[in-house]
Structures are given as C-alpha cells and as structure tokens.
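Presented sequentially are two complexes of chain A, the first with chain B as partner and the second with chain C.
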Partner chain A sequence: MAAPFTLRKIGVPPNSANLTEARRRVFDFFRAACRSIPTIMDIYNLQDVVAPSQLRFAISAQIRNNAHITDPKVIDLLLFKGMEELTDIVDHAKQRHHIIGQYVVGEGLVQNTGNKDQGRTDFLKNFYTSNYF
Partner chain B sequence: MGLGILASRTIRPASRLLQSQRSNFFLRTIVSKPELQSPESAAVSEPEPPTQILPPRNPIGGARVHFSNPEDAIEVFVDGYAVKVPKGFTVLQACEVAGVDIPRFCYHSRLSIAGNCRMCLVEVEKSPKPVASCAMPALPGMKIKTDTPIAKKAREGVMEFLLMNHPLDCPICDQGGECDLQDQSMAFGSDRGRFTEMKRSVVDKNLGPLVKTVMTRCIQCTRCVRFASEVAGVQDLGMLGRGSGEEIGTYVEKLMTSELSGNVIDICPVGALTSKPFAFKARNWELKATETIDVSDAVGSNIRVDSRGPEVMRIIPRLNEDINEEWISDKTRFCYDGLKRQRLSDPMIRDSDGRFKAVSWRDALAVVGDVIHQVKPDEIVGVAGQLSDAESMMVLKDFVNRMGSDNVWCEGTAVGVDADLRYSYLMNTSISGLENADLFLLVGTQPRVEAAMVNARICKTVRASNAKVGYVGPPAEFNYDCKHLGTGPDTLKEIAEGRHPFCTALKNAKNPAIIVGAGLFNRTDKNAILSSVESIAQANNVVRPDWNGLNFLLLYAAQAAALDLGLIQQSAKALESAKFVYLMGADDVDVDKIPKDAFVVYQGHHGDKAVYRANVILPASAFTEKEGTYENTEGFTQQTVPAVPTVGDARDDWKIVRALSEISGVKLPYNSIEGVRSRIKNVAPNLVNTDEREPAAFGPTLKPECKETMSTTPFQPAVENFYMTNSITRASKIMAQCSAVLLKK
Partner chain C sequence: MASLSTTSLSFKAPSTRISQVLRKGSSFQSVAFGRFASSTSKTSLRLQISCAAKAETVQKVSDIVKEQLALTADTPLTAESKFTALGADSLDTVEIVMALEEKFNISVEESDAQNITTIQEAADLIEDLVQKKPAA
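Now for the complex of A and B:
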C-alpha cells in the first residue's frame, strides 16, 4: 500500500509564486501520473481493457479541461486534488469499475459527447437526462 | 425597635403560640352560619355571569347557508350561540351552521333523511326526550344543547348498541383508519363495554367485482339503499327482515350493475361495503393524496388520487358542487390498475424484421427528424388522442403547422366539424344548470354510458322536479322515466315540424334542455341534423338571454380543448394520402386507413391498438403523472396534478414534441410550461384560467342556413362498452372483469 517512491517526492507544497511555477508543477504532476500508469494497469488488471496511451489521453484531457485557469492558487488546489486522486488510485483505494467508469474512454466522457451536444440547447440536454426539469 | 422585633421572632414555639393568639385580635375569625351552608342560597347570592362575548363561530363540515328568502330566516340558539337559519333547516343543519359537529351515521347531506341511527340525538329545551336532530325541523327560538350530560349519555348509549353486534374486525377491515364508527366511538363512546353474549353474523352478498361486502359489519344505516334509489336511480338494494335480523341486500341474486355503484363504498360509514380491488392493499395513512382531475370522460370529475410511492392505490371523489358533487362513475374509480399494465417506458424503433427494439431518446428523435424531412408537407398528419392535455395539443399543432401541414386534429372530430362558434360543441347550460331544466330532449346520446355524472344530474332533476325526458336514438337503458320517441333523424324532423306529440310538452316547458351527443359529429349528414336541432331550439324558445338550453355532450376529455385550440380535420383524405403520421395517444384512429408505406410515430403511455402499426414509439406520461390542462364538456377548465412519477424513460407529451421540433429544425419558441401556456393564452385564453367556466359568446343565430338533407340511417350508440373506452381502461383488469360480468347483454 505504500505509495511508489516517485510519488513521495512530488508532494505538492501549497504555494506557487507565479503562473510559471504552477505550470511547472502541472507538468511534474502529469509526468508522475504517466509514470504510474503501468502500476495502475497492473493493480486493476486493465491490460485487455485499455491501452496506456488511452489512459494518458484521459489524464491529459482532464488537465486540458482546466487549461483556461490563470490563478496560481486555483491551479495549486486543482493539483492537490489531482494528486489526491492519483494517490488513491495507486494505493488501490479505488476499484476496477471506478477506473473503467471514470477514465476509460466511454459514453459519458467529455471527449465523446462533446461533439454531439454542442449545438443543443439546455432544453434538449435536460430532456435527454430526465423528465423533471 | 428593630432588634426587638427580631428578638421576638426567636422566641420558643410555645410562647409563639401565645403570641399568635394575641395577635389574632386583629384577624377576623371565620364563622359559618347555617344559611350559608345550604345550596339554594349559594345560587341566589352568586352574581349573574356577565354576558360573555362569545367567539364568532363558523359553519363547519363544509356547510353553506343560502337564504332563498331572507325574511324567512329564523333564529335558534345552539349551545347559547344565536344563529340565523333559513326556514326549512333541521336542527342538525342549524348546529352545523353554528359550528357544532353532531355525530351521525345514517344522515347524509345529499340523501333523504332516515333518522334510524339515533346518533345525532341532542337535547332541546322543553322536550321530554332528546330529539333526532337530523329529522327535527328547527323552530324559531329553539334552544338546542349539544353538550349536556343527556346528549352525551345518549351518544354513549347508541354507540354501545351499535358496537354490540359489530364484529371485532378492525385489524382486517379496510375501513380502519377512515371509519366513522372508530372515530365516533373514540370521540363519543364510553370506554368500556358490557356485552357478554354472542354477536350475530350475516351472510355476505355478492354485489359484483367492484363492491366487497362484509355484511356482518353493517350497522343498518340504509345510506346505500337511499343512494341506490335516489342518486343512482336503480332500486337494487333494500333492507330485508326486521329488528336484529335486518340485512341489506338485493333480494334476488342480483349484481349492482349501475355505473355509480362504486359510490356506496364512500357512503358506507363502516367497512361493510368496501372496494374489492383495493381490499387489503393499503391503509389510508400510508397513502399520499393528490387532488386532480379525471379524464376517462368529458365531464372532468374532481378526484383525489391516493398513491403509495410510484403506484396509484385508489381513486376517491372530491367535492365539486358544479360538476360531480360527491360522486364519480365506476370507470373513473377503478381504471387505475390499467396504469400499471401495458405501459410504454422506452423509446422503440421497429427493426427491419418487424420487431421493436428499445433505443435511446437521441436515436429515436433523430430517426423521426430524418424521416419527417423526406416527406412533403401535405403528407404530414398529426392526430391527438382522447386523453391529450391542452398543452401537448397546442405544441403538436404548432409543430405540424411549422412543418407546413394543416392536417392536425383530435380524435372524435370528423371532417366538417367547425370550431368557430363555441356554442356548437359545449354544454351551454352548465352541468349544474341542468338542475333547473324541466324538460330534456336527448338526441343521439346515452348519457348513462357517455357521461355518467351528467346522467346523475339529470336523474336528480327528474327526481326533484318531475322533469320530462324524451330520447331519440337506439334503444337504451335509463335509470329515470324516459320516453323513447324514435331512433333516427326522422323523429327529429317530426319534432322540428311540430308533428310529434312530444312537441306540446316542449312548448309548455319553461326551461327546456336539448342535449345532443357528440357521436353525431361523425355522421355525414351532421350539418343537417344540427340545423334541425337548432330549428327545434328556435321554435321552442330554448336559447334565451337568461337560459341557454342547447347542449352538446362531448365524449372525450380532450375534445373541448382541441376544438378551442383549433385542432379540426380539414380534409377527409388526409389520412389516406399521408406519408408521415404522428399519433399522440390516438388509439381510435382507423389504423387500416393509414397507407402501408406511411411512417407512423406513436407517442403515448399504453401499448394499445395503434402501437402495432407504429414504426417509432415514444413513451409519454399518463394523466396521473403530468400537469395538464383539460376542458370539460361545459367549458370548465381544470388541471391535473402529477401524483406519481413517470414510468421508465417516459417524458411529458409536450416536451417530446418540443424536442422533436428542435431536432427537426423548426424549433418552437417556448421551452417551459409557462411558455406553452402563454402560447395557449394567445389562441384560447379560457384554457389558461383554470377552475373557471367560460360560456359560449354567441348563439345559433350566427350560423348560415344549411341546405343539406338528413339521411334516414338511425342513430348509432357512441359508446359500445361503458367500461372500455380509452387506452387506460382497455388495459385494466378490473374493467375487463366489469365488462364481462356487469354489462347488460
């Protein structure tokens, strides 16, 4: 259950002085995450389900989701949460179906539904979800 | 000085006594005299109680007082409170006006007075024994006392007698929790019983698949007997035997076939007559009550839907003086189990091998949107069903019109029915106004099966004022005295020309009412028939400024709103030449008329007849699950309230059409129910004013002359099977049992 040596080195200290440092931290985090992908695939037996490149794509997509943020403090917080999530996954605190549902590219992920619902109004989006809106 | 007093306080107890005796010089000893000991003098010396200002009392029990003759009001005193009542009021009614609720079992405000339960006994001054307040007329200056020991003792005694032969069935009785006997014994009965003998039991009677009878529980109040003979008009039930051997039943082995038979379940104060489908299903405290409107016919009876979680457990009537009083028909009451069977819950598309496959909403709407663009505008047809609410019909009409087609209509309106003048499809005398009529001419309508509440009102009028009823149409059963004048348009012609013997009765009537059935709208000679009816109306002064007696009885809940919104059928060949047919709950459409290559979309809540022809199924919500506006046959707008959540992936009707419009590219300008309602306000503003009746503005004088001739085919009945008229009732097991057992062959 010990976190790998690589992760222990990169704990996120609370303050980044400026955007550059926050950027650097983001890339460090991404690197740490990608380096733990083989461990993840081993722990959760994802060899037949997904390729490492797909997992890398999923992680980068989640980071890219927040690409528009400029406040270093906000970036720090998001990194903290990302680190927390990564630690959970690597510690086997999650289970296979969590990983598959949240990170394996499927129906509900941002990449897939983005192009379908782009031109749709709120009415239609709500209509597809449920009757009560 | 102070020290001295303090010192005196610390002396020993013995000397304190001496001290206190000495100090008693200044206290007055209390001395009692013999005069003061006797009670009479106490009463005399007691000062008069000041005239209290009693708190104002409001009438309870829903009692309303109507002074038809203000000079005739009399004053009575109820528990010291003076109250003015009209002359014919009984003591019980006077107490109700004064805010005192008197317990009763056999008295019911809508039935005749029996006076046999004796629970309503109150003490009246100057009367040797307590009087039955339900039967005693209130005389001026009467002093009524309801909370004296005599009245209380009387109630305890009556309660004790009633409970003597009453079985200990509370745990297994369906009426537990809403039982008058339980409530009144807790409130007015004594705490212990003295009965040690054997209780009597009575054999159960079979009254049909709707009413469950446990006659041992009957307290012989005769409410059901009076209801059956007065309100329902059938003398089915009666009291057999005498004394403790009295039994309520049908003397012959007869089932209660009346369409109002379910109301005895509400009327019975104990668990003797209960609902058979609801037996042992739920207790009344676990049910959530929702006040809504019924859509099984065009009357719009007010109902209360009791639900437990996602399931409708039973339907109970709600009081509405103008429409259904306190009664509902059997179809309304027992159709709820059809809401659980044959429900459409997922969108489906028909595969190439002819079977339906469940898909997501995205795919279903995408398919429909594709097809609708490949079709010419004239070949698009939209049909609204009998149970559609005004919002969904408005959105459907807007959508079909925006696609370029004018072929959108509601079931039941054949070609040529025009909705220009509202009087030509509404009940212009309102349903409550029918009580003032003294002659009824029923043309091609059997109100007993088409609108049971209207029939109940006619029955009430006939019973109260001996109104005459003449009927033109196929032979039918009536529960009041009715003259069968003829079977077809010939009789109408005779009446119009004055040759029929009924015409004298028509001329002598002060307030004649003509009721024409909407089944006649489907005839080809409809215009001729309507013009003949209007000439009868004109000749006999039926339509006047103060009384409009020309009425049309619609068949379906959606018809009045559809005609108000303008959903009429313009061309007869629309269905035959259609390539895209959108059926919104329309099951009575003749499916054979739809061409084989047409693409049919069925949007509805039950898999009824039209589903088998559909290519795409879009599941919608039923009337208990949506908030929809319905207009009844007299023009009274009401709203249903959702009582249970929708089934599966179903959506509201109007939302589906609005989403479809967006997918098809003709996005409608509203996306909330308020938007739809403001659109309706533009078209038919009376549909937005809920709980209000909008009478027709113009009369028949505006119609042009009609040159067609009537055909000689006699009138056909509009409703073949009372118990199975719409998709919900056709899916209901109880209705199937009723139609197998209770219909007259």
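Now for the complex of A and C:
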C-alpha cells in the first residue's frame, strides 16, 4: 500500500512569476486533490455512491472550466480558493450532501451552466461601459 | 539494466519472455509468463525493442488511457502512442498518471511524471516503482 497522503497546510506562497510556474502549481494542486480522494471517500462514506475516477473527473472539469485564464495572479487566486475548498472537505467541515450535490454531479447545478463571462452577444459588456454603442 | 536490455534484443519473441524472467528473478513466477504468452502475441514484437515492461502492464495502462480519454474501441492504440496524439492535454496526462497511481497502488514523483509521454514509458515507470516498493 502506498504511504497515505496527508494534506500539509502551508502558508500562502508568493505569487507565481510566470504562466509556467502557475501551471506547475495547478498540477500540484490537482495531484494533491487526487491523492486526498481515498480519504474523502472514507470520511463521507461515498464508496457506494461514486467511483474515485468520477471524483477525479469532477475536479479536472472544474480546473478545465478556468483553463482559458492567462494571468498568473488570477490563477493563483483560483488555486487559493481551490485549496481552501479542498482543506475544508478533508477537515470534514462539509457534510455528505454538500459533497454529493457539488461534485457527484447533478443536472442544473450552477457550476455546470458553462464557463463564466461567455455571453452569446457582447450586449451587456458594451452596456456596462457606456450608453452609446 | 542497459546492458541487459541490449543483449535481449538479439533474442526472438519467446526467449524475450524467458530473459525477462531471468532478469527479474524471484519476484515473478514463470507460470505467470506462460499465461500471457498467447494473449500478447501482437505486443511481443514491440517487447523486442523495449523489453522493460510486461505486456500485462501495458495492457492495463492502455485500458486506463482509453477510459480516461473516452476513446472508441477501434482507435489504434500501441505502446508507443503519445498521449498528446490521442487528444490528451496536459491536465489529461496528469489525470492519467493519477489513475495509474490508484490502480497500481504506487506513488509517482513529480519529476518522474514529467517525462511520461507514451504508454510504454508509463508502463516502464510503473514496473520500476512496483519492483522498488516491496523492497522498501
């Protein structure tokens, strides 16, 4: 059996210098999350409800949702929030129905309604900037 | 290890199996190899080139890759196919490595994971880690 993985809580690291480092951090976060999946399934008794591969897919889907972002600082912030969420889940600060509702996907959840900031038209974006367009 | 693999290049397919048994020593039984000899005839040619991974491992890795990338059953999948050629982006590659970690109960370091680009490399790395694990 591989050594059990524990999520070590470190302080906020300095911002990533460039996109490459931000990518590396994204993959580190993804690896940490995937390695915590056995613990999560154990804590919330998800053995019959979902398979680890489905949880991995849910995590990667959320990461892919933000895949179009190029600013390292924005990526850092998203990673911070992701890490916060992961820590909460592993600390049993959430409950089973939260996990099932948010990650064992159902239809019509807010997270599934497509990427942010992508409207069919630019009407509202122009409207927010000025009255005349 | 490098010298052993070059000597086994000169063997024909059945002998490659036997040379693998001799190299890996006591941790594997020869009965297991006999079981796979018939089912892996199409991979034996590739094993002549890179004799470091068992065909069973390569098959398991291919199954995981197929499932992860949602490939159809008739997609040509050889041991040398690159993940990017099969339509995987970098996050998919990391996900495949994590799925392999779970399946084989190993722990892949980040430095090792960077170098995995084909199915054969993944199978080789898995073989190394599985061998090192009982010894640790």
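The definition used in the following text is that the second predicted complex is superposed on the first by the 97 of 133 C-alpha atoms of A that agree within 3 Å, B and C clash if a C-alpha of one lies under 4 Å from a C-alpha of the other, contacts with A are read in each partner's own complex, and residues count from 1 in each chain.
Definition applied: contacts are C-beta pairs under 8 Å (C-beta built on N, C-alpha and C of every residue); 3 or more make two chains touch, one makes a residue touch a chain.
All figures in this text were calculated on a predicted structure; none of them were measured in a lab.
Peer 1: Answer with first, second, both or neither: which of chain B and chain C does A:Ser53 touch in the superposed model?
Peer 2: It touches chain C, and chain B stays clear.
Peer 1: Under the stated touch criterion, which partner chain does A:Tyr128 make contact with: chain B (first), chain C (second), both, or neither?
Peer 2: In the superposition, A:Tyr128 contacts chain B only.
Peer 1: By the touch definition at the top of the document, which applies to A:Arg64: first (chain B), second (chain C), both, or neither?
Peer 2: In the superposition, A:Arg64 touches chain C alone.
Peer 1: Tell me which partner A:Phe30 touches in the superposition: chain B (first), chain C (second), both or neither.
Peer 2: second
Peer 1: Which chain, chain B or chain C, ends up touching more residues of chain A in the combined arrangement?
Peer 2: Higher number of touched chain A residues: C.
Peer 1: Which residues of chain A are in contact with chain B in one complex and with chain C in the other?
Peer 2: Shared contact residues on chain A: none.
Peer 1: Touching residues of chain B toward chain A in the complex: what are they?
Peer 2: Interface residues on chain B, with respect to chain A: 360-362, 621, 646, 650-652, 655, 658-659, 662-663, 667, 671.
Peer 1: Taking the complex as given, what residues does chain A use to touch chain C?
Peer 2: Checking each residue of chain A against chain C gives 1-3, 23, 26-28, 30-31, 34-35, 37-38, 52-53, 56-57, 60, 63-64, 67.
Peer 1: Where on chain C does chain A make contact in their complex?
Peer 2: 67-68, 90-92, 94-95, 98-99, 101-102, 105-107, 110, 133
Peer 1: How about chain A: which of its residues touch chain B in the complex?
Peer 2: 116, 120-124, 127-128, 131
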